[in-house]
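These are the structures, in structure tokens.
Both of the next two complexes hold chain A, though its partner changes from chain B to chain C.
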Partner chain A sequence: MLINSIQFILFIIILLLIYKIMPKKYKWTVLLIASYIFYFLNSSKLIAFILVSTISIYFVAIKMQKIDEKAKIQAKNIEDKEEKKKLKNKAKKKKKIVLAVGIIFNLAILVFLKYSGFIAGSLNTILHINLPIFKFILPLGISYYTLQAISYIVDVYRGKVEADKNIARVALFVAYFPQLVQGPIGRYDELANQLYNPHEITFKNLTYGSELMLWGYFKKMVIADRVAMYVNGVFADYANYSGPIIIMAIIGYTLQIYAEFSGGIDIVRGASQMFGIELVENFKRPFYSKSVDEFWRRWNITLGTWLKDYVFYPVSLSKVTLKLTNFSRKIFKTSYFAKIVPISLPLLCVWLGNGFWHGSGLKYIVYGLYYYAIMMLGKIFEPVGKKIISLLKINVEAWSYKLWQMLRTCGFVCIGMLIFRAENLNAAIQMFKSIFNVHNLERIFNGEAFLIGGMTIADIVVLIIATVIFIGISIAKEHGKNIRESFAKQNLAFRWVILYGLIFAIIVFGAYGQGYNPQSFIYGQF
Partner chain B sequence: MDELLKILNNVKPGVDFEHEENIMEDEIIDSFDIVTLVSMINDEFDIEITPADLVPENFKSAKTIYNMIERLQNEV
Partner chain C sequence: MKNFFKATIFFIILILLIIVLSKVMNPSGGVKMWYSSNSILDFYEQTKDTIDVIYTGNSCIYSAVSPLEIYENTGITGYNLSTGGQKIWSSYYLIKEAFRLQKPKLIFVEVGELFSYADVEQEREKRYVIDSMEFSLNKMEMINDNIYNFSFEDKLGCVFPLFRYHTRWSNLDETDFRKIISKEEIMYKGYDLVKIVKKYTGKRQEHGNKARAQLSADAEKYASKIVELCKEKNCKLVFIKIPDPNVWTEEKHNAVVDLTSRLGVEYIDLSYDNLAGINWETDTQDVGDHLNIAGAEKISNYISDYLVNNTDFEDHRQDSKYTSWNMDLETYNLKKQQQN
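Right after this comes the complex of A and B.
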């Protein structure tokens, strides 16, 4: 059941009715049962994997809490400070082992299902052996719920949250259906209470939620699915294209993935809002970013913060990195490099993790390393950049300079998208090279260059108008405008015209697959 | 407190840390600086800052960082 299908909308409507009539005490169980039905409809028997993950983190969290409680009781009877410290450290070590088992177990499932084919293939190539290569169908949202499950047990270990004694509540946190498809990756302290507390179905939440869903459908079906025709046409036959056509396809893909991913998030956030449950934002107008670093703080935000909290900080504070920090302070004293060297290791782990999370294959590793290289080079040359700016007396506050920074970031991101979308690494390199090898320029002048992949002039007109609306809304939001609140203040007639217009646009101008089938989501395959 | 201010100024020169109220959330000190900062604080105050301590509440101002240091020193 795709979230851009009629079935999903019917599913939400029925669920809203049941949630409304259910007594307060049982409202959260409606969400749990619905989430498991949703999961079963999408992944049938593979539901066993999410169940196993849930059971594992439930017991891991309970075990860690018990270790803590036992240590606290024992500490009460000890007077000596040193003895107390010893006891605490012993308990900490035990908890660490339990946590490690929980993390390894959950990661092992993910690695086995998602990466075993890639690992076996790579070993076969490198070692000239003949390991069997399995390709498994992935359970829905495994890359999302695994990260969410790990965050829960780590947060319990860190004492940020208490272990939940009710396994059904843990199950709902892991499997809450709107966030299963493509995130956002929720945190227990932000999401759990919202899920378990009963909410009234209010007119405001229904209106705001459905408006957000409509906006998401518009982005997905009118923009992303339409530009996808062009993008697919060029990427499938890239050897026949060059120069501006390749550039248009790369920019087109960047637009496609942004409209689709952020649209999908709008749909699930809107659906969740109707139940009174606010999912965190996953995008904050990323193409306003003035650096790649900022881009990743605005794009797929929950993945970025997850990697920061559960990879970057632990690796940064690990003994190896702290030793590296001390070493680099001794060598470089107070110079800039004393700060750069220690971050090289945690940052490498973050970007390798980011690359692997996106998929199994060499190109995903390169995708991660590409951003790692940009970040590291950016940091290394930061003082040089500042010197040049001061020497040339560049006004960094001028809008033209900020525009240059945004365009430069867009350029870097587009190259990243090329690596991500290309069939393989070789295809990405060939396509990048062919940007500079311009031939068949007449295709641009006779319009052929725009009509690839079944695109018609009408498609191009619709795409341009829809993209202009998309950009206009983004600009308004970037300038602090709350679109839905401002929309709610408008007269009823105007609101209906706009809403009907949106529905009409989605039905008439939405790009559909064969037989009007909804198209799947790129980020829904993780 | 003076030692802490010295460390902060060492990590990020030119910032008036005595009066800054939102060091982490305003990204006056970013996650890159944190690594150096934590290593220096650990050495100077003989404590062990863990990832659990790296939350904005502990890194709002020099005072909140100092409170965290005192808490970790007194923790048994």
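Right after this comes the complex of A and C.
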């Protein structure tokens, strides 16, 4: 059941009715059962994997809590402070072992299913051996729920949240169906209570939720799936294209993935809002970013914060990084580089993690390292950049300078998208090279360059108009406008005209049904 | 309560808009390739309980049986409820629909469509029929029939063609909008009048082969269902074969003879027996695939004789209730002369 299907909409409607009539005490069980039905419909037998993950983190969390409680009881009977400290450390060690087992177990499932083929293939190439290469069908949302599961046990370990004694509640947190497909990656402290507390189905939540869903469908079906035709056409036959066509395809893919990923998130956030459950925002107009660093704080936000909290910080506080910090201080004393070197290791882990999370394959590692390199180089050359700005007396507050920063960031992101989308690394390099190989310019002037992959002039017109609307809404949001709040204040006739317009734009101009290849969500494949 | 009322109005308007846009986007009755769908669309324009005989089948019969020709000869009214590539299961549902709106006492089924295979049926062959039918229980039953192998989205597209044909938005023209306001009869009681002559010089059909073609289980099933339905409605059923030398074989003919004897249905073979006296030099419009007006006149004359000799239908030519038929006949004859 795709979230861009009629079945999903019917599923939500039926669920809303059941949720409404269910006694308050049992409302959360409706969500749990629905989540497992949704999961089973999508992954059938593979539901076993999410069950195993859930059971494992439930027991790991309970075990850690028990270790804590036992240590506290024992500590009460001990007077000596040294003894108390020893006991505490011993308990912490035990907890750490249990946590490590939980993390390794869940990561092992993910690595085995998602990366074993890549790892075996790489080992075969490097060591000239002949390991069997397995390719597994991935359980729905494994890359999302595994991160969520790990965040839960780490949070219990850190004492941020208490271990839940009800396994069904843990199961709901892990499997809550709207966020299973492509995130956002929720945190237990933000999401759990929302899921368990009963909510009234309110008219406001229904209208706001459905408006957000409509907007998501518009972005996915009218923009992303339409531009995908062009993008697929060029990427599938990249050797025959060059120059502006390659550039248009790369920009097109960036538009596609943004409209699709943010559209998908809008759909699930809207669906969730109808039940009174607010999922966190995963995008914040990323193309307004003035640096790549900022881009990643606005793009796939929940992955970024997850990596920050569960990779960057632990690695930063690890013994290796502390040694690196001391080493760096010795070498660079108090210079700027003394600060840069220590963060190079945690950042490397974050970006390798980011690359790996996106997929198994060399290009994904390079994708992560590409951003790592940009960020490190940005930090290394920051003082030089500042000097140039002051020497040339550049007004960094001028809008033109900000625009330049945005365009520069977009450029970097687009190259990243090329690595991400290309068939393999070699294809990405070939395509990048062919950008500078400008010939057949007549294709641009006679319009042929735009009509690739089955695109028609009518498709291009629709795409341009829809993208302009998309950008217009983004500008308004960036300027602090709450679109749905201000829309709600408009007169009924206006609101209905806009809503009907949006609905029929999706039905009529949506790239679905015969004549279009149904496009699954790119971020739904992780 | 106020919000509930508002939401209800919103969804009613939404559904109405979907219905209107579905009519606009539906190629039936608008697009040239969908010409034969007019046979069904025009059927809904017929005055209730005025049709005596129904003819149904694929393009073979809509280009060969002219109900107005038969009316001129006998005063018996009829309607050719046929579409291009129609299959026997679609005929079954069309006959059901005919019984909902009319009280026919005789039904002719062209047997070429008995050799239908559901797994190779083209989408447009199904949709010529479904998208031309009005919303009714018969249509719902048809859409849900597994023979059509429709997915959930397909079924939604059958009820609201907007979802199936939304991509037509860039090809719409004024006819697509005009058809939702008024519907003119385009065919002649379902008959497609063609004057072109392209002679057939291929092999003549002669008896001599004893082999039997294989009928699909589905075809037999729906043939039986038609028999049962006609019995239930107390309506006579006749299987007929229109001359069709390019496709029709004696193996098929023999299989139909067996089937009709098993089902107890009368069978008129105008193909091998050439009872209507078709001349392949002058009576075909496309080298033997379909008959032209000259061929249709011969087939219609043969059926006229059959009706006069084998049924007791009233002659409606002087009946004031059937004035429109006389007017249609004038238009038809005028068209015939114009073509001449």
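One rule holds in what follows: the second predicted complex is superposed on the first by the 520 of 526 C-alpha atoms of A that agree within 3 Å, B and C clash if a C-alpha of one lies under 4 Å from a C-alpha of the other, contacts with A are read in each partner's own complex, and residues count from 1 in each chain.
Going forward, a residue touches a chain if its C-beta (ideal position, glycine included) is under 8 Å from a C-beta of that chain, and two chains touch if they have at least 3 such contacts.
Everything numeric here is computed off the predicted structure, so don't read it as measured data.
After alignment on the shared chain A, the placement of chain B and chain C results in a side-by-side fit free of clashes. Centres of mass aside, this uses C-alpha centres: at chain A, the angle toward chain B and chain C in the superposed model is 160 degrees, to the nearest 10. In the superposition on chain A, A:S360 contacts neither chain B nor chain C. By the touch criterion defined above, A:Q7 lies against chain C but remains apart from chain B after alignment on the C-alpha atoms of chain A.
In the superposition on chain A, A:F504 contacts chain C only, with no contact to chain B. In the superposed model, more residues of chain A are touched by B than by the other of chain B and chain C. In the superposition on chain A, contact of A:T146 is made with neither chain B nor chain C. After overlaying the two complexes on the shared chain, residue contacts for A:R158 are found with chain B alone; chain C is out of touch.
Superposing the two structures on chain A brings chain B to within 41 Å of chain C, judged by their nearest Cα atoms.
Of all the residues in chain A, the ones that touch chain B in their complex are 75, 81, 84-85, 88, 158-160, 308-309, 312-314, 316-317, 321-322, 325-326, 329, 334, 338-339, 342-343, 346, 379. Of all the residues in chain A, the ones that touch chain C in their complex are 5-7, 203, 456, 458, 492, 496, 499-500, 503-504, 507-510, 513-516. Considering their complex, residues 3, 6-7, 10, 13-14, 17-18, 21, 152-153, 156-157, 162-164, 166-167, 169-170 of chain C touch chain A. Those residues of chain B whose C-beta lies close enough to touch chain A in the complex are 10-11, 31-36, 38-40, 42-43, 49-52, 54, 76.
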